[in-house]
Structure formats: structure tokens, C-alpha cells
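This structure is in C-alpha cells; I'll ask about it shortly.
Chains here go by letter, A, B, C and D, matching the order in which they are written, and residues are numbered from 1 within each.
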């Protein structure tokens, strides 16, 4: 029973919505929209579990005085402040000052950290290519040359070196690059369709976790 | 020279704290990291509440409960009332905290998976397989575009076929398959190198944005 | 020999320092590296350049958020400068709620510059005669399609509440047939929508700008002529600024030009690293082989 | 007086005649007449949920003479009155009237060529036409055939696998490394880090990642190596926790399971990344697994992992992020290899059976590509046919 019910649910819903895909009628359309809305409402509750884990993790850390435990207060405070201000400032409560504070914190505290984390990528592009773009094998050499030409094609210096370089770079992007992407995508398409089928048919059970075996 | 705005200072100091990670992990980074994790989780909570639960459940459900029944028919005929079902199903997630009922969490997960794989199955066949096939055949047979584009279209088709052959798992890569899979690897490697090279400018631009913020808004050295 | 061995084990923090310098220095002092505008940048610039002054207006949809500002905002500024300097009428709208403020401020900055320099009323940029700001409208594809029928369906009034028919330049504008060029500047799939809805459906001529990361997605449209031109990330913005200056449409400092100097130098730096890394790799490999041979 | 009356009568007669005659030449002589659009056809919009009628027409030959667009007029009686329901500029010769009041109602349409400098020219009325909803989308027939065919192939090979036929699977480079990498962590007495990707549980790559996590957790339980699984999605987090717990039970060491090993960080992409970065630099795991779907953070994670000296094994079907994992990780499972790996490690015959089915489907796709191209090269007619068969809405 513990595993039969979930497997039945997956089978029925899986087949129903595969069939729905081919039916354009109004009833079908309404079913689809309703399912999406219900799914959204249902999934929202999983957030409780997630935040439970986060809070639990940090409370334990503080209680047990684990390494760097003091920083856990920072996480808990951030969670509480943003969560509370966001809900109080949102449409359901509608406190204007809370909304203003929430926006201010988002713009000047969270967003800068977000962008800075993103910007770190620029440094890592350099260090990764330095370390990995080495002609260790034929394949690695091909990768290196393609990357090199495309980089040269972007900067004005490349076009000055030889005016055809931007065209070659575009050719690499459009022909071999596009072809390999299509090949990968076709494989991924078949692989993910197979997995969807396996889930619907109850062959793929990793998601049942403990009760799947 | 420096900004007089406390918020700009906070943003600048946190930006530098994140960047300090490049030197090594340190208490400033650690502070920013713990703050970022906590704040963004709180932000996520508020977003789920404000953008998912309130407009899709709380508001319509409340409206159904408080609506004047005479005009809109009985409560049970109101689709907004039935939003209570997904909400109850959602509560099953929380059964996880009750050991004897913890297996019930599989019900909402199963619903999500059933919907996801059902909605996905034929759609993936359409977008990932049929669409890609059409583009590949289209490029390789575009006689109207003439000469070189047609040649490149055919080269692309060879690339697609050989890349596909690399992903054969149930056969040892020997003979013709080995030959074709090897060509496939070459296409893959050119593609990876090119994508990497093509991404550098975008990533550097993000860094430029941050440096501009530090040098313009925080220290007024550039205008 | 030793040098290369050391080099191949160089502490990555030196690399980070060099990247940081390669970005900071050009931003503080424009180095003025030479320019070589790409063909798609040129195509877009020429398309705008061929539109007759004081006739039908160009549409720019500023569909980007602040996080994409470094790449995309300079594109908007350069394109708007080009139009207003040539007296090509300009309509600005946005489909991104956070893009409205950026576009409005940018527009104000440019028109203030022009009006400060203008010697006569004819030379200045007048709201309603030379440009309008329509503001933000939610609904992406729906907005694009309703402009195809009549722009008043999407925008009965401009961003300040003035009915479109009270704005002299808008009186004869009904739909895409009266808009010689639609430009979308976006880092998301919105540009794709413009190509599909405005371009394929209503035969509008679509051009625009996009972030470097997503530009490659638009090459097929450029090759098939479904797009008149495209600005590719920082390079595209810098190209446009360069063309503006070269043809005398703008003397404003080149924001993206500086950025592009930084981009170029980081590229050269990375390419230099790759070369050094490989030289080091081969030298150490050879010496290892020699040692193995001696033993 | 008589003459005056006669004149008046005369005028009335003339004006009566004028009013009766087609107006343009006399009332508005400035507006030239143009030909209306021809061959107007109206039919129910196919493959939809109803309430829509599609119109097509042939452009007026006089388009260059001042026609600016076409107005679409609708009525529920052939002789009117007609109401304007839509407008398209010249160059377009079709319109979908999606504001039909009700399905099954008789409707009549006219299309009128209009412009500022011309007299409007209306086509004759077409109709009656009724809109209705459909129960099968004919435009999706190709997807239906594909789905049925693929399902058949998969079911066939699963049955084959059930009957115990041995199925060969070739070696996948990244996979042999998995065991080695776990062994290394054990030797060094350091933890293993496993990131199950950034997507939700319905994403195929996440499921594959969770499958692999199950195998990795078993090995970790066997060797008593600590495991760290930071999560970004709430539901993936719960499933991952169940899987890891179960792996320890299966190995017979439920007591060794540490409740802190599977945990949730935040749903923010870069927030999650900053958290994992911190974990990697502080806990210094000997082995990092990045399995599942990833976005721009891929390189941040993989480069940080590389600085800590960990062995890194990545697996993703995110085409845009593969280049970064390939450059920064020791082993990378590319695209489909990720799914294959989850089947391979599980060693369940039915999962391997589907791999075989995928291979045959791949061969079929390859053949269809060749055949389709050959046919399309035969001429513009066949090419159009092939393109149409493969077209999606």
C-alpha cells in the first residue's frame, strides 16, 4: 500500500496528461490550467520542509557550539527579517513600511551579493581556461583551437589580424557547434522521454526513496 | 570621494566581502555567505507566499467562502472552493515530521511526478526530437540558399549523426561505430570550445558592472 | 625550463589579480584600443541611418533589467542618440517593469544634452515632436500583437497619460506599417518574441541588441534576413558608439567603449595564458621525456 | 414659380439618382476606387478550443494604389449589419477572429480594403461559417506517432530485459571513476560532497542524479565516509534525505546515518552557490559530485572545487554548461551519459533495457534524418512535404 498508491497516482496522471497533450478542446484546456494551479498550490507547502531543515541545521549548530556557530545567527536573522518583511509588505498584509524596507534590503544587501557572486565567473573563466586549455590530446587540442578562434573573433584585434576571423568564428558557432548541440539534444530528448515513460510505468522508482525497494 | 549613502556602503562592503573569497575563505566572506543564504531563503519564502499561495489559493479560496451564495450558486459548485484539495495535499508534505505518517509525503510527490512526466512526455518528443530533426533536415536540404550554406548544412547533418552515434551505449565502439563516434567527439569538442570562448565577453561584462558600481557609486573616481 | 615549470603551477590568485587590473584600468582611463565594427552592428546602424529624418518613427523597446545594464544600457543610449541626433523620430517603450526607469532616465539624459547644445527650436529635441516615451506595458506577446493592429490598443496614452493623438508625431502612427524599424534590446527571450510576433506575423523590420551569452541564438535569424541587424553584448554597444562618433552623431564619452577595452584586454589575457600554459606544458613534457630517456 | 418648382423637382430627381448610384464618383470624387480582396474564405480554426474562425483572402491587386490594410467585418446575417472585428496591415492575407460570441452560431464575414486616400472596397460576404472545438489536434500527429513508436520500443526492450536476456552496456569513462573517487575520500578521511543539481524533482536530470546519489550513499555507508548533500529544491531535499537514509539501512548501518548530511540551503541560485563554496573550502571534501541540471553557477562550483584539490565528477544534460564542467572537472558525464550512468550503476535489468531501447530509437532517428534529407533534396515539393511532416505548431 505504501508504494502502490503513489505508483498508481503516477500511472494515472501520467497517462491522462500525455493524452491531454493531443486534445485541444475547452474541457482539456481547463483541466490543464487547473492542474497547473493545483500543482503550484500543493508544491508551495514543501517550502515548510525546506525551511525546517535550514532552521534546524543552524539551531543545532548554535546549540552544539559547532565550528563557526556564531555565523548561524546571521543566517537565521536574514531568514527571519526577509521572510517577515516580505510577507508583511506583500499584498496579503500590505504594510507599506515593510514593503519599503524589504525592497531596500533586497536592492542594497541581497542583490549586490548576487551580482558579485555572478561576477566571480569572470575570474574563473580565466583560471579554468589557463588550467584546462592544454593540448594534452587531439580532442583537447580541437577544443582549445575552437575556443581560441571564437575569442579572437569577438575582439576587434581579431578582425585586424585577419578580416575573415569573425566570419570563421561565426561559422564555428553555426556549423560544428550547432550540429553537436543538436546531436546532444536529440539524445537528451530520447533519454528524458524514456525516463518519463519509466516513471509513468513505475520502473524508475528512485523517487520513492526508502519505500521504493 | 566616497559615497555618503550608508546603503551604498553596505552594498559595496558586501560586494568586496564576496570578492574576498577569491583570495581565500575568510570571516568576511563567511559573514556574507551566511547572510546571503539566510536572506535569499527568506526572500524565497516571501515569494512563495506572495506570488504562489496568496493569488492562487488564499485569495480565491477566501473569495469563495465569503461570496454571496445566491448569485453564484452553492459553495460546492464553486471551483475556487475546491482549491482546498491541493492545499490539503500540500499539507501531506508536512506529515514528514510525524514518523508514523511520513510515507504519505509520497502522495504529493507522486502527483507532481505524474503531472510532470505526463505533461513532458509528448512535449519533449515534439521540441527536442521532431523540431531538431526538422532543423537538421531543413539546413541539409536548403537548395534555395545555394552553394556554401547547403554544404554547411550537410556538414551539420554529419555532425548530428556522428554526435548521436557517440551516445550509443549498448554496443562496444568498434569498427564503423568507433570511426563515427570519434568524429562525433570532434564535433562535441569544437562545440564545447566555441561555447566557452563565446561566453567570456558576457561574464566579463558582469564583472565590469560590479567594478563600475564600486568605482562610480561608492568611490567617485569615474563618472 | 624552471620558469615554465613554475609558470604551470602558478598560484591562481595572480591570474585573478591580472583579470581585476585588466578590468579596472581601462574603466578608469580609456585606452582607446582600435575598433573594428562587426557586420551585424554595421547592418543595424545602417538600417537606422537610412531612415529619413522627421518622418516615421523608430521604435525601441528597452526590455532589460538593471542586472544586464553594463551590456545593454549603452546600446539603448547609442541607438537613441543616433536617432535624435539625426532627427529621426523615436518611440521608446518597455516590456520589462524594471526597464522603464532605466530607459526614461537615459532618454532624459540624451535630450538634455541635445537641448543644451541646440541653437534653435528646430535643433532641439522636443517631446511629442521628436520623441515619446510610452512606458511599461505587461503582457509581452499580447502587447506586440496589439501594436500590429493599432498601437493605441496597447498604448492609448504615453507614460505620462497624454493621449497618443495629442502627440504630433504619433498622429499618423497606427501599426507596424508606419514604423520603419522595431528595435528590441533584451537579455531574455523577448527579442525572440519580437521576431516571431512583430516580424513574422506583422512583417515589421526587427533589429536589436542582446547579451553576449544569448547572441548566438539569433545568428539563424540574421542569416535568413528575419533580423536587420544585431548588437552582440558589450562589443555591439561599443561598435554602435564608435559608429556614432565616426559619423559625427555623438561626442559623448563611450561607456561601452571603455567596457570593450576591458573585454578585449581580458580576452587577450586569457589567450596569453592559454599560450603560456601550453608552452609550459610542452616544455615540461619534453624535459620529462628527456629525463626518462637518460635514465 | 412653375419653373422654379420644375427645377427643384429636377434637382430632387438628380440627387435621388445620385444617392441611389454607387457614391464615390459624385459625393467624394477625390477618393479613387480600388478592387476588394478576392477569394475570401472563412472556416472554423482547426485544432483549437473553439470560439475562433480563420479567414484567408487574396490581396487586392490595387494594394500599391493606397490600400493600407484590411478590415475584417462580421455579422450574424448575410445582409448585415456588419461589425468591424479586426484589422491587419497590408502584406498579411489572413486573420483569426478569436472573439466569436459562441460556438455553433452562423456567422458571415466580409473583408474590406481600406486606406486614407481610397474608398473602402468590401468583398462579397462569405458564410455561413460556425466555430467549434476539436477533440484531436491533427497538427500533433507527428508527436503522437513518435510517442507511440517510442513507447512500443521501450516496452519491447523492457520485456526483453525481464525475460533475463543479457544486455551489454559499454564502459562510461566517468563511471569507473566514481568508485575510485569514493575510495579516495575514505583513504583521506574526508567527506564526499554531492550536489543534486538546481532543478526540481520532475526534471529528468534530477531523477538521474538521485539514482546516482543512492549508489554513492551506499558506497559511503559501506566505507563509513561522511556525505554532504546540500539542496536547492525543497522536494528534492526530502527525496534525497529518504534515499540516503535508505542506503544506510540497506547496507545494514542505519545508526551510522548522520541527520546533518542531507540539508537545504536556499532556493536562490547564487545564494546556494555561495553556501556550497563555503562548504567546499571549509570542509575540504576529497570528492565532489555535481549531478543534475545546472546553470551559470556550474563553473563557480567546479572551479572552487578544483582549488580545494578535490576529485570532481560532474554529470549534466544542460548543454550550455557542459563546456564548463568539461574544462574544470576531472570527469564529466555528458547529456545522455548521465541517464545511462544512473541505469548502469543501478544494474537493474529493466533500466538497462530502456538504454537499449534508446539506442535503437537513436538509430531510427539517424535513419529518418538520412531518409528525410535524401527525400528533401529530391526537389522543392518533397522538401515541403518533409518539412510539413516534421513541423510543430
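List of remarks:
What we mean here is this: a residue touches a chain if its C-beta (ideal position, glycine included) is under 8 Å from a C-beta of that chain, and two chains touch if they have at least 3 such contacts.
Just so we're clear, the structure is a prediction, and the values are computed from it rather than from any experiment.
If you take subunit B and subunit C together, the chains in touch with both are A, D. Note on connectivity: the fewest steps through touching chains from subunit A to subunit D is 1. Chain closest to the overall centre, judged by the mean of its C-alpha atoms against the mean of all protein C-alpha atoms: B. Relative to the C-alpha centre of subunit B, the farthest chain centre belongs to C. Each of C-D and A-C has its own count of C-beta contacts, and the greater count is at A-C. Taking each chain's centre as the mean of its C-alpha atoms, subunit A lies 27 Å from subunit C.
A separation of 3 Å divides the Cα centre of subunit A from that of subunit B. Note on chain placement: the centre of subunit B and the centre of subunit D lie 14 Å apart, centres being C-alpha means.
Residues of subunit C in contact with at least two other chains: 12, 16, 19, 23, 67, 212, 216, 223, 235, 263, 266-267, 270.
Contact with two or more other chains is made by residues 18, 21-22, 43, 46-47, 49-51, 54, 68, 111, 113-115, 117-118, 120-123, 125, 127, 129, 131, 133, 143-144, 147-148, 151, 154, 173-174, 177, 181, 184-188, 190, 192-193, 195-197, 199, 207-209, 211 of subunit A.
Shared contact sites, meaning residues of subunit D that touch two or more other chains, fall at 140, 143-144, 147, 150, 201, 204, 235, 238-239, 265-268, 270-271, 274, 282, 322, 324, 326-327, 334-336, 340, 358, 362, 365.
Those residues of subunit D that touch subunit A in the shared complex are 47-50, 133-137, 140, 143-144, 147, 150-151, 154-155, 158, 201, 204-205, 207-208, 210-211, 214, 231, 233-235, 237-239, 241-243, 245-246, 249-250, 260, 263-268, 270-271, 273-274, 282, 296, 299-300, 302-303, 306, 317, 319, 322, 324, 326-328, 334-336, 339-340, 342, 350-351, 354, 357-358, 361-362, 365.
Against subunit A, in their complex, subunit B makes its touches with residues 7-8, 10-12, 14-15, 18-19, 21-22, 30-32, 34-50, 52-59, 79, 83, 85-87, 89-91, 93-94, 96-97, 103, 106-125, 127-129, 132-133, 135-136, 152, 155-164, 166-167, 184-201, 203-204, 206-207, 209-210, 213. Listing the residues of subunit D that touch subunit B in their complex gives 140, 142-144, 146-147, 150, 167-170, 172, 200-202, 204, 235, 238-239, 265-268, 270-272, 274-275, 277-278, 281-282, 320, 322-324, 326-327, 334-337, 340, 355-356, 358-359, 362, 365-366, 368-370, 372-373, 376-377, 380, 383, 386-387, 390-392. Residues of subunit B touching subunit D in their complex: 18, 21, 24-25, 29-30, 32-34, 36-41, 43-44, 93, 96, 105, 109, 112-113, 115-117, 120-123, 125-127, 129-131, 133-134, 136-138, 140-141, 143-144, 154, 157, 160-161, 164-165, 167-173, 188, 191-193, 195-196, 199. Residues 13, 16, 19, 23-24, 27-28, 67, 69-71, 211-213, 216, 223, 233-235, 259, 262-263, 266-267, 270 of subunit C are the ones touching subunit B in the complex.
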